[in-house]
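Shared between the two complexes below is subunit A, which pairs with subunit B and subunit C, respectively.
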Partner chain A sequence: MATLQTRATARIMMSPAVILLFLWMIVPLVMTLYFSFLRYNLLMPGTEEYVGFLNYRYFLTDPAFFTALGNTLLLVGGTLLITVIGGILLAIVLDQPFWGQGIVRLLVIAPFFVMPTVSALVWKNMLMHPVNGLFAWIARTFGFAPVDWFAQVPLFSIILIVAWQWLPFATLILLTALQSLDGEQIEAAEMDGAGPLSRFIYLVLPHLSRAITVVILIQTIFLLSVFAEILVTTNGGPGLQTTNIAYLIYSQALLQFDVGGASAGGIVAVILANIVAFFLIRLIGKNLER
Partner chain B sequence: MARSVTTQRKLIFTIIGWSIGFLIFFPILWTFLTSFKTEGTAVATPPQFLFFDWTLENYHEVQSRSDYGKHVMNSIVISVGSTLLGLALAIPAAWAMAFSPTKRTKDILMWMLSTKMMPSVGVLVPLYLIFRDWGLLDSRLGLVAVLTMINLPIIVWMLYTYFKEIPGEILEAARMDGASLMKEIIYVLTPMAVPGIASTMLLNIILAWNEAFWTLNLTAANAAPLTAFIASYSSPEGLFWAKLSAASTMAIAPILIMGWFSQKQLVRGLTFGAVK
Partner chain C sequence: MGSITLEKVSKSFGTTSVIPEIDLEINDGEFVVFVGPSGCGKSTLLRMIAGLEDLSGGRIIIDGKDMSNEAPAKRGLSMVFQSYALYPHMSVYQNIAFPLKMDGQEKSAIDKKVKDAAHTLNLTSYLDRRPGQLSGGQRQRVAIGRAIVRQPKAFLFDEPLSNLDAALRGNMRLEISDLHHQLKTTMIYVTHDQVEAMTMADKIVVLNAGRIEQVGSPLELYKSPRNVFVAGFIGSPRMNLVSGAAAEKHNATTLGVRPEHVQISKTEGAWKGTVGVTEHLGSDTFIHVDADGVGKITVRADGDFATEHGQSIYLTPDPNRLHRFDANGQAI
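Right, the complex of A and B next:
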């Protein structure tokens, strides 16, 4: 009796969150799906009609889509490469005892708390500016020609900014994992004559593998939809050089008012994200059982 | 001998560690320093690092020119409001899942997590149209609602992992001593749950404060929080580096300090308990 009652109470306690989240997920998604089969442009109200898979055909055969897909992959891949490798190195350094460790840790995680629009604008204007920027000054001091970052390597510039924002995340998680490494094991290996490199490859790296997977998956989810950094620095340009899927859909919806086309793009983005999410959910679910 | 080696090693790592820390932190430090320069010194070559005439004029200008205070208020209302609303929804839910789990609890948790994986652009169009039709565009209320739903899965998950750690025996003991459900909640559970709730709240205020997809797409002049306000500097106004720096410094300082305090909880919250 008591358990029945508790169970009912539990259900009532859960229902507001569950119901709202369900509505939040399903209503817009169904609407997106519905719009994606319509010809629907906000500039031509009243001309909506069912067009089948036409929007998908347009979206998926548009050269802009492949450019954007390529840019998205480069952005995600490049950022992951920098943050994971940098994160491992940083975590190892921060794991060593040294003076002022706590303060350095605070300095290293700081970029994560800077809002995307601020970090993008500060980097673009004050660091990467081809004439007055700090990087240009450093380059000139050493006798090199300054790089015009957003004109010559626009996507790489954005990768740098995004990597700066996410490096703390990777470092913090890898450091947490590193700290749970058994010190005695390392000592034993050291006594057996294992050098630093083989200790790293055979002991540290396997121990970190799960944390690395978590970092890669979670960052991928967020990096697939990088938006603000692109909006405030390049607006997707020059040309389409920094347009990723998220930005492409945004420009189709809110700049060209093509609701149907943008919705088809949205569904494609959802499918792409779900492929990643599938693996992440399984990984976290496995962890939950323990 | 061994001791001197460790001291030497420590010294080396002190130098490496501080250099890296300084490099990574430098853009923030640079923003902070530039905010005290005049526009002229801000763009000077060679750059002025410390020995310039420090001025507070940019902070005055930013406020007087663009009603900075309004955007700060928007940021506070939106981030704190969405967090409190999220907690109100999530505390009962996480509580029920932690203390009377059923076979389906795990599925519900995983499903909640999966909603977080949905890319925002996937629902941008319908949400924009709903907001337009309901007159919620550029309103704080609309943004509070959206950010609540966006962060709800994280809040539930974090609270769940914290509540899970409260030993169930304590509840049983209290029940045996004849405590009613209300008393149980007030005297036994609340004190044990407060630290977890507090760190969840902190992390979520940070996340909501920095959210920059919905805030950019659903606001204009009125409800724009700091993320959207700063974005307006991407226009030629971005050439005013000192003012951009002053606005940026004020926008990131409070959240940076909060973030430093919550660094321990950060890992747990952002990995959904997968790494502790």
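Right, the complex of A and C next:
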């Protein structure tokens, strides 16, 4: 009967943490849900009243919503593409033995430790600035007209910055996966007559598939809510070109003081995230089962 | 179509020399076993023949062509690894077909060869499975299947049976020997197990610290080991090696006598001793005797031979089957 007892004890011991976590999650969610059904504008205090699904109607029929949705998906997709492909290439390079490997690995991982706001500011003012930026200087050195990144390709610029931040994460996960590849398998393939490219396609990629799945899942969760980089660089502009869902909600709540509308947006974002997660798990989750 | 010649082949990692210099001739169709204790360089030598390890010096000639610097795939050899090195995400069929696919052969030709190989190795009903769903012996057979579909000039086996349990090892030993008789292809087999070496080989190469101690057929090595190392390594249970007064009586520094060549008697003999542990195998009995002034001697006696621990006993080595070694360990 020891097992029953220990199980009960374990439940009791676990419960404070679980209850705290549950409250931590459920209280804000319920409050957001509650606010989303109110007319709740900070400029008109005292006029809060139940308005049903009006906030949702406004949010979902707002043309800005669809632009923001598209931008969010582009931002997630573009960043995933760059980080996964770049991460695989970098991991393969870093897996080769070369002099100074330790230092180089450390440097590659460094961007992950830089705060999003800081890195966005560095990119904005030191790299992508059309007058003072490094890219502009390079362009001028070769006689080209400098690109005004945030005016001409704003969303792509944001994707670049975010991808730079997440590349180390992808590289790190993929590198560890690469290191766990059995050396004898590679040698066997070598004896079987597989060249470097075949070995990559038939051995390395399948071996990495699980790690790639993890990278995609984790990054998607964080990339759906990219905010700081947009706030610091473009403020969602020009126009709505770099506004994603997270930024749209922020502008509802703190620029237009419409807490009710923003709450409705928040709930919509949660639902959207769940839809994305559902398809992701369906699509690639089976990789994790093996 | 599968003779391999090693000419002054040597290997060193940095300043440590692993294999000083080796000359070896392997004839077409021969089953050659490299045997030696762990760390003697036998796997390294095999990997050098395969092309997975660079030569530090010397030449490897396969079928009359110098292949010392060719890529592994170009040498026309197949290798079976200790860990089998199967591709885990591919089915058995895809695993066996992989070398043919890399060779750019047609789908129908591949299909036929894979099915043939699967038939030879009794794998037909497992073709759709993944390696992870197979038992050790089945994985071993898949690895062999992957090796034979290419119809190589020679097979290289790197301790292929060491991950199997004893019963399965015995079976696979027979299967590999059978396969050799069927295919008549040159095979080079690396093992540290002298039983595998004795039972399978046409020619045994005994290696120690990167040097070849002796090359010969199993019975040659058994009957006339060239030195103490080979004498102690080949044969099971090990040869008894006696030094001191008992050996000097026969004009040798070390005297070797195999357990099966010692007469045991309860009444009289050359050496007197007390019985220690007795191992009953049914067919044989191994008796470990502590002989006075000689040392510990293992004796192989009849299965019915009854002794008790601590009993006094007399031993007589067969005078025609004594192995005498000088101070340098060389046979006299």
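The working rule: the second predicted complex is superposed on the first by the 265 of 290 C-alpha atoms of A that agree within 3 Å, B and C clash if a C-alpha of one lies under 4 Å from a C-alpha of the other, contacts with A are read in each partner's own complex, and residues count from 1 in each chain.
As a working rule, contacts are C-beta pairs under 8 Å (C-beta built on N, C-alpha and C of every residue); 3 or more make two chains touch, one makes a residue touch a chain.
Just so it is clear, the model here is predicted, and its values are computed rather than measured.
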Partner chain(s) touched by A:Leu283 [first = subunit B, second = subunit C, both, neither]: first
Touched partner set for A:Phe135, first subunit B, second subunit C, both or neither: neither
Touching partner for A:Phe156 - first (subunit B), second (subunit C), both, neither: neither
Winner by number of subunit A residues touched, once subunit B and subunit C are compared: B
Intersection of subunit A interface sets (partners subunit B, subunit C): none
Complex contacts: residues of subunit C adjacent to subunit A: 50-52, 71-73, 77-79, 81-83, 85-90, 98-99, 102-103, 146, 150
Contacting residues of subunit B [partner subunit A, same complex]: 9-11, 13-14, 16-18, 20-22, 24-25, 27-28, 30-31, 34, 42-43, 45-47, 89-90, 92-93, 95-97, 99-100, 102, 106, 108-110, 112-130, 149, 152-153, 156, 206, 209-210, 212-213, 216-217, 226-228, 230-231, 233-234, 238-239, 241, 244-245, 248, 251-252, 255-256, 258-260, 263, 266-267, 270-276
Of subunit A, residues touching subunit C in the complex: 182, 184-185, 187-195, 198, 202-203, 206-207, 209, 290
Sites on subunit A touched by subunit B in the complex: 6-7, 9-11, 13-14, 16-18, 20-21, 24-25, 27-29, 31-32, 35, 90, 93-94, 96-101, 103-119, 121-127, 132, 134, 137, 141, 164, 167-169, 172-173, 176-177, 210-211, 214, 218, 221, 224-225, 227-228, 231-233, 245-246, 249-250, 253-254, 259, 262-263, 265-267, 269-270, 272-274, 276-277, 280-281, 283-285, 287-288
